[in-house]
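Just so it is clear, A, B, C and D label the chains in written order, and each chain counts residues from 1 on its own.
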Amino acid sequence: MGILSSESHNSEEYTSVIVVGATGDLAHRKIFPALFALYTENHFPKNFQVVGFARSNLSIPDFKFKIAEKLECRSKIAPDVCGLEKGRFLKKLFYVAGSYDSEEAFGVLDEFLAKGERDWNPAGVHNRLFYFSIPPSVFLSTARGISARARSKNGWTRCIVEKPFGKDRHSSDELSQGMARLFAEEAIYRIDHYLGKEVVQNLMVLRFANLIFEPIWNRSTVQSVSITFKEELGVEGRGGYFDEYGIVRDVMQNHLLQLLALIAMEPPVSLDAEDVRDEKVKVLRCAAVLTADDVLVGQYGPGNGTVGYTEDKTVPKGSITPTFAAAVIRVRNRRWDGVPFYLMCGKGLDGRLAEIRIRFNPVPGNLFADLSGVSGLPNNELVIRVQPGEAILLSIVNKIPGLSTKLDNKELDLEYKQTFKGAEIPDAYERLILDVLHGDKSLFIRSDELEAAWDIFTPVLHYLEATKAQPVTYPFGSKGPEEAVKAFRAKHHLK
Amino acid sequence: MGILSSESHNSEEYTSVIVVGATGDLAHRKIFPALFALYTENHFPKNFQVVGFARSNLSIPDFKFKIAEKLECRSKIAPDVCGLEKGRFLKKLFYVAGSYDSEEAFGVLDEFLAKGERDWNPAGVHNRLFYFSIPPSVFLSTARGISARARSKNGWTRCIVEKPFGKDRHSSDELSQGMARLFAEEAIYRIDHYLGKEVVQNLMVLRFANLIFEPIWNRSTVQSVSITFKEELGVEGRGGYFDEYGIVRDVMQNHLLQLLALIAMEPPVSLDAEDVRDEKVKVLRCAAVLTADDVLVGQYGPGNGTVGYTEDKTVPKGSITPTFAAAVIRVRNRRWDGVPFYLMCGKGLDGRLAEIRIRFNPVPGNLFADLSGVSGLPNNELVIRVQPGEAILLSIVNKIPGLSTKLDNKELDLEYKQTFKGAEIPDAYERLILDVLHGDKSLFIRSDELEAAWDIFTPVLHYLEATKAQPVTYPFGSKGPEEAVKAFRAKHHLK
Amino acid sequence: MGILSSESHNSEEYTSVIVVGATGDLAHRKIFPALFALYTENHFPKNFQVVGFARSNLSIPDFKFKIAEKLECRSKIAPDVCGLEKGRFLKKLFYVAGSYDSEEAFGVLDEFLAKGERDWNPAGVHNRLFYFSIPPSVFLSTARGISARARSKNGWTRCIVEKPFGKDRHSSDELSQGMARLFAEEAIYRIDHYLGKEVVQNLMVLRFANLIFEPIWNRSTVQSVSITFKEELGVEGRGGYFDEYGIVRDVMQNHLLQLLALIAMEPPVSLDAEDVRDEKVKVLRCAAVLTADDVLVGQYGPGNGTVGYTEDKTVPKGSITPTFAAAVIRVRNRRWDGVPFYLMCGKGLDGRLAEIRIRFNPVPGNLFADLSGVSGLPNNELVIRVQPGEAILLSIVNKIPGLSTKLDNKELDLEYKQTFKGAEIPDAYERLILDVLHGDKSLFIRSDELEAAWDIFTPVLHYLEATKAQPVTYPFGSKGPEEAVKAFRAKHHLK
Amino acid sequence: MGILSSESHNSEEYTSVIVVGATGDLAHRKIFPALFALYTENHFPKNFQVVGFARSNLSIPDFKFKIAEKLECRSKIAPDVCGLEKGRFLKKLFYVAGSYDSEEAFGVLDEFLAKGERDWNPAGVHNRLFYFSIPPSVFLSTARGISARARSKNGWTRCIVEKPFGKDRHSSDELSQGMARLFAEEAIYRIDHYLGKEVVQNLMVLRFANLIFEPIWNRSTVQSVSITFKEELGVEGRGGYFDEYGIVRDVMQNHLLQLLALIAMEPPVSLDAEDVRDEKVKVLRCAAVLTADDVLVGQYGPGNGTVGYTEDKTVPKGSITPTFAAAVIRVRNRRWDGVPFYLMCGKGLDGRLAEIRIRFNPVPGNLFADLSGVSGLPNNELVIRVQPGEAILLSIVNKIPGLSTKLDNKELDLEYKQTFKGAEIPDAYERLILDVLHGDKSLFIRSDELEAAWDIFTPVLHYLEATKAQPVTYPFGSKGPEEAVKAFRAKHHLK
């Protein structure tokens, strides 16, 4: 996954990176800093320009000033060197204003880009990478504009697109087909930034570069797999967008399902992007389509001094959009038949956490029954923590040292911060943009993957909407709808 | 293993602990401190006396003074409380002088013990625990003395005996039979202090209280098992004893073979001592008898400013006694057929280490071949470190965080010092003496275990002696006979 | 099991085989024919006499005449040769009458035996094998008589004893201890004739000489193991003995439990009798003690023109002795935890059958779900049929040939009659008596095995008797108490 | 595979089956009889015509007469009924003569077909199935003719094409691309008649509808897989064609490699043709490209009264075309790494045989070593015999019944003839043509499968040709080049 990226950069090529939606929050916080980090780490093309494109009327100096404030160097780089690096990078940063639905605007952009390209070398190869950091409503018009007016004439053109990829199988297909009419599938990079995180990239290494996990990675030994995503924040300020999608579409159907696919998939033939994605599609297709029984939805009410979801000003009154969801996915194949995959995500909870937890079965014929009391020995667990504090933890039962005899779970651990001291873990966006520059698609979602993912969720989403199913309320800042979760887990025999 | 010891002490009983050889080094450094630790930890019998017995003419106060200097409290005990505890303990510590081969002397001892017992309660139960901390030459005469004159009249009598248990199958049988004529097998506790170490006690917990190890604990996944014991010291001062036995008998045939048995044995029916030892005997009986091809012996020469073994004053000139040995043991059963168990031990080496290292096979059909270079991916390993710094380490292959793609082995670790902060790990002797007080034999060697162990080693020991095989020389303080080891490992296909 | 018997016979020895209870039905039908078969097959000692001992006043010629009528040769032996063989065998067959509780009678027997021994060679080795074919009431007195008066003076003395070995743990221990005071354990051969059957002997070969069964011989793949014994006959004529014991003691606690042990045990260290029996004891000790919930008992009523059990003249009125029993045994170890062992046996049923049926789990993630209908694919089964028609059958799912697509179970089969054409399968008694002659104990029950077997059954037997539990009635000649069996199986989740 | 074919036929459709090359041997012996068998078994479309097309100037009656003589009914059909059936079928059989490279001729054919279609129902759906039973030289011209002139106007058009699919990766790609310009991949059915054989169709059932094979279907348990094809015949009469291709291209690269793929592939997501073929491609891509070291070639010389290959009149003098080949293929994935797949095929050998033989590893820690002699226990084997006499055989080690103790391999067997008594096993062509009628492609070769297959063989074929490697000679009617095979197997550690 992304790990075969060749590191070479062709000095005979010139690359324009265009951030469409350059004045937005994501662009500001993540994309430009990631571009700069790639630059300081020598992972950027040798010859390049970075161009912001957005509706706002901003001067280039004002734009540079705004972007500059978020650029940071790795701590190993001395402050003065960092200053020089920033200067050099900003020198190649530009801005073009224009409307997303005006082909003409893209004509202007094209002209601007062409100028930089010509100045470098009119006869060289000119690549263009467009990062779509824009709302879904202007998505296709932007794509049309680029396709019609701003494609590279003699190099590659690649588009990074962000979720939401539609709201269900139907709208997703429409979007895909709309894009497909404008760009070949090879040119489209559907980003799920979770796939760029270090621990997530390590999942395939963990599974396939280690002998010891394969024998325990199946229904004989695994009792359940839990994939959890908890946020402390609510919708402060972006209720409008969120309310239209809800937590299932915003987090579960993409981020959590991607993690499931990486955990559950069969070994690919090779690490090539197509082979890896073939296996991800296969395992998603083995997953049973969710029914209403398989899903629990919740919504936060007031709590901890914060207003409830429906009281938020940006949220429509009486909204039944879930801010919390739990689901049990059944992967009906030889490896996983009978093992529940428990997905859980929510906003306004009591902590921030993203992790995969593989819980193993109890020990059969337990010799230590007398020592381990009524509750029995704790089960082994393998935890892959994505945040906070990336880590791999394997809990095993040990004799607690001492003359008395007690057994307890202790963790064999590998905390990134401690194990890889001094290493700065790159942001997910750095890895992903780098892969696009290299044309490595393994960490991006292929269209059939997207289809398979929507197939799992579409019917239950439609059902919840059609029946106006009321989500269970939980206080903001709590553990979620605890009683309902307990009952839901019991119904699915989750321990 | 020792982990089912009931913790109760009967207040209707009175226990005498007699250390035979009370003035020796081991008694001084290990046995009395262990007794005192059990006392301060409330694991000692409520009513007791501790009596030293040895040849030296010492007054009781002189003896107490000598012993007192090595007694220490756990750090959690305040110094003044510790002082009080010492005082109370020393009050019950006595000394009787006498010859080991004089029955009369044991009569005197018996009279002394009886006095303490009577003073407590003439009608109570009086148990006697004899710790044989004496050279093999006076072993049987001591046993005869105790049996004839100093047995408990109305409680149990138990004998803790230390290696050497003979020099080969024949002499070991003689010793066993000699003891058997005097004491029932139930009364004899053959100690191997390695079995009292925390990490070693944890081996059975690790294997049988965790689900995840069983599927990888066999010939399909394990490439080899190495059991290593390295000492920095040479024979300084005790060359006489050592030269008679050599490293194979002193370390390999007992300590290392016991570790092998615990790693390789099948799950027992229960944790009862007999069931555990049944399985240990079984696996030792599956081990192929060693031939000269399976063993490499070495002897240290001068090095690092230290004289060579044969130049030591306490060593006979021209001695061919090995101070270093390596052996490959083949366990010919369904689980282990084809997996070499590599045992290695030596004195005068470059470090102090005792560990078990289970090396797993390479990953079949390795997807990461291109990334892992000519040498391939590192193999997974599980290391159980006995000393220094008890720990369990599981090395796994990880992606090294960063934009470049590198894989490397990193360790999931569980270091006792860090995981069990503040816990003081009891000395092996504390655990073992406590088990004897409770009559729990699981950590002690049964006579058929001893027979099976000698059966593996006796022919090759006789062969080496009969052919006067010259050990390979290595410099004191070095890694051992490196070239010879390399060739030996290659011959046995050890990687 | 029995398969390591050396085939050599020492011509320097003379062996007397004494059948105590020589006029009984078993002796007549099975024991003497088995002795003769061993003789004709050259598996008998070179120098021997066979002596019948019983209460009846019979002349030797009358005895010979009675025995002769059941002697048969293998079909490969020509009739005239067979006649000669019979003549030679009968020449060495004798009879001594006497009471089982009279030491004097055994003195007479001894004198008779000694005469034959002397006539052969007074200085040779004289072995004596006593076959106890007598009721339990005279068991110990017979043993006393032999021990006191009729032991061999200068060869071995071995006793073959038949069930019943007591009625519960207590009475069995009494019997064992009674025997132990008279004979060493090595001299006692407790016979379970099931262990002598060809297919049963083959069980260990099947399991341990084939690679392919081990990976599927455990809780991951096995759904249940059924061990069934059905007889068409009722108690005609021997109700007295049977009523005292009932079907659980008569069949289940010995024959069926022995089969369970062979199916479920771990691989032994070697094929030596002690190693094999160690493993059998181990697995029996892992079996949970049965409670009333785990057992179902039945009794046949009238049916098919036959009177019901309690109407039989030899049965006490109102007897609640079961003629049918089902039980579920749980083996609580690493291999079998969670797999029910279903034991079922009965008299007066609709057929004659003894078999072991290992039923495997359904296929996870079944690809053929659409093709296999609501009831799903049939499960794989391995059947070891003991009678009638010894065979090994492995049922697998196949595509039925043809253009339509249907799947069905078909059997890979190995029928002894067909596979080993012309081979006459020796009677179980031949194998077992041969093993006694060779001193091979692997097919005989060791005393601790007997204890473990009684430990499983004793509490529930006592409970049934104490509560006067009424067995469920079923018609003679039927399938047994079908409804009750169905409910019992459902309760234990047996499919 | 083919097993999901729906059986329904739409009565609103009319199907023309056109056999191009209708006068050839294959058409005569196999294709028309298969069409007739489908017809009598009610697996043929309700409304149809069958049209032969070839160069020969034949009248329709003459053609009917020629075809009629090979038509046969299943034995369950009474002769008179059979006669009626033949009559009805022949009524719908026609013939059109024309040149394969004349578009005009296909225009004539089209007109003929259209007439039948119109006569049935001009408004109905008219499907056309073209069976290419023609030499490679006229392959593309025929496709062009059909594409240009004879496609169905309002139903489907499907083409069944036979090997050879080129002579190497390059020529195969040319052919594929040529076809791809004329027909969509969906319309092309590349036939390998081996895939239509009952036992071969059963392979997926065997593997995936039975629980017990999965645990033993991997590198831990399998020692080797042999796929063998032996013919008694030489090239009598068709040396011209054969000499151009040789045995590797004629048999090994297609038939044997297809069997390998079915044995070695991972479980597909579903039984859909694309899913099954995805897995076949995957496993072929895991196979290492063959080098000269991995292949042995031979050629028959004179023997048994038959002339040698190069003496055949239809064979060029001095030809080095192999008539025998052996190859070892390594599948480098998690399941098979290290297991050799041994492919062997030849003409002019001592028997006729096609089978797959899975040989399992020896038993580790063999308890029966003493009983099984120096050569050890025989290994378990699973044999899937394709011809003669389709069967599944599982050889296991048994105790041979009797008082002596011998172990030997015996077979659990399932012979089709015996197990499915009375069932007539359909010819492979029936199954395959039926699947084409249903549009089920699972038993046909997809273009990427063909590419992967050629990738394995192309380099070594080129090497053999470039170096003019001389095949090893063996006598006609012998076992092949025995010494060379022995050396070849030894080199590859095949036992």
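FYI, contacts are C-beta pairs under 8 Å (C-beta built on N, C-alpha and C of every residue); 3 or more make two chains touch, one makes a residue touch a chain.
Keep in mind it's a predicted model, so treat the numbers as computed, not measured.
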For chain A and chain D, what is the smallest step count along a path of chains that touch one another? 1
Starting at chain A, figure out the least number of steps needed to reach chain C through touching chains. 1
Hey, which one of B-C, A-C or B-D is the same interface as A-D, over half the contact pairs lining up? B-C
Give, as an integer number of Å, the spacing between the C-alpha centres of chain D and chain B. 66
Per the C-alpha centroid definition, the whole-Å distance linking chain A and chain B comes out as 53
If you average the CA atoms of chain B and of chain C, how many Å lie between those two points? 47
Scan chain C for residues touching two or more other chains and write them down. 220, 267, 270, 286, 333-334, 363, 365-366
Residues of chain A touching chain D in their complex? 214, 266-267, 269-270, 278, 282, 285-286, 333-334
So in the complex, the part of chain B that touches chain A is made up of which residues? 2-5, 7, 38, 41, 43, 198, 201-202, 205-206, 208-212, 215-216, 220-221, 267-268, 270-271, 360-363, 365-368, 370-372, 377, 379-380, 390, 392-394, 396-405, 407, 410-414, 416, 419-420, 423, 425-426, 430-431, 434
Flag every residue of chain A that touches chain C in the complex, lowest number first. 219-220, 286, 332-338, 363-365
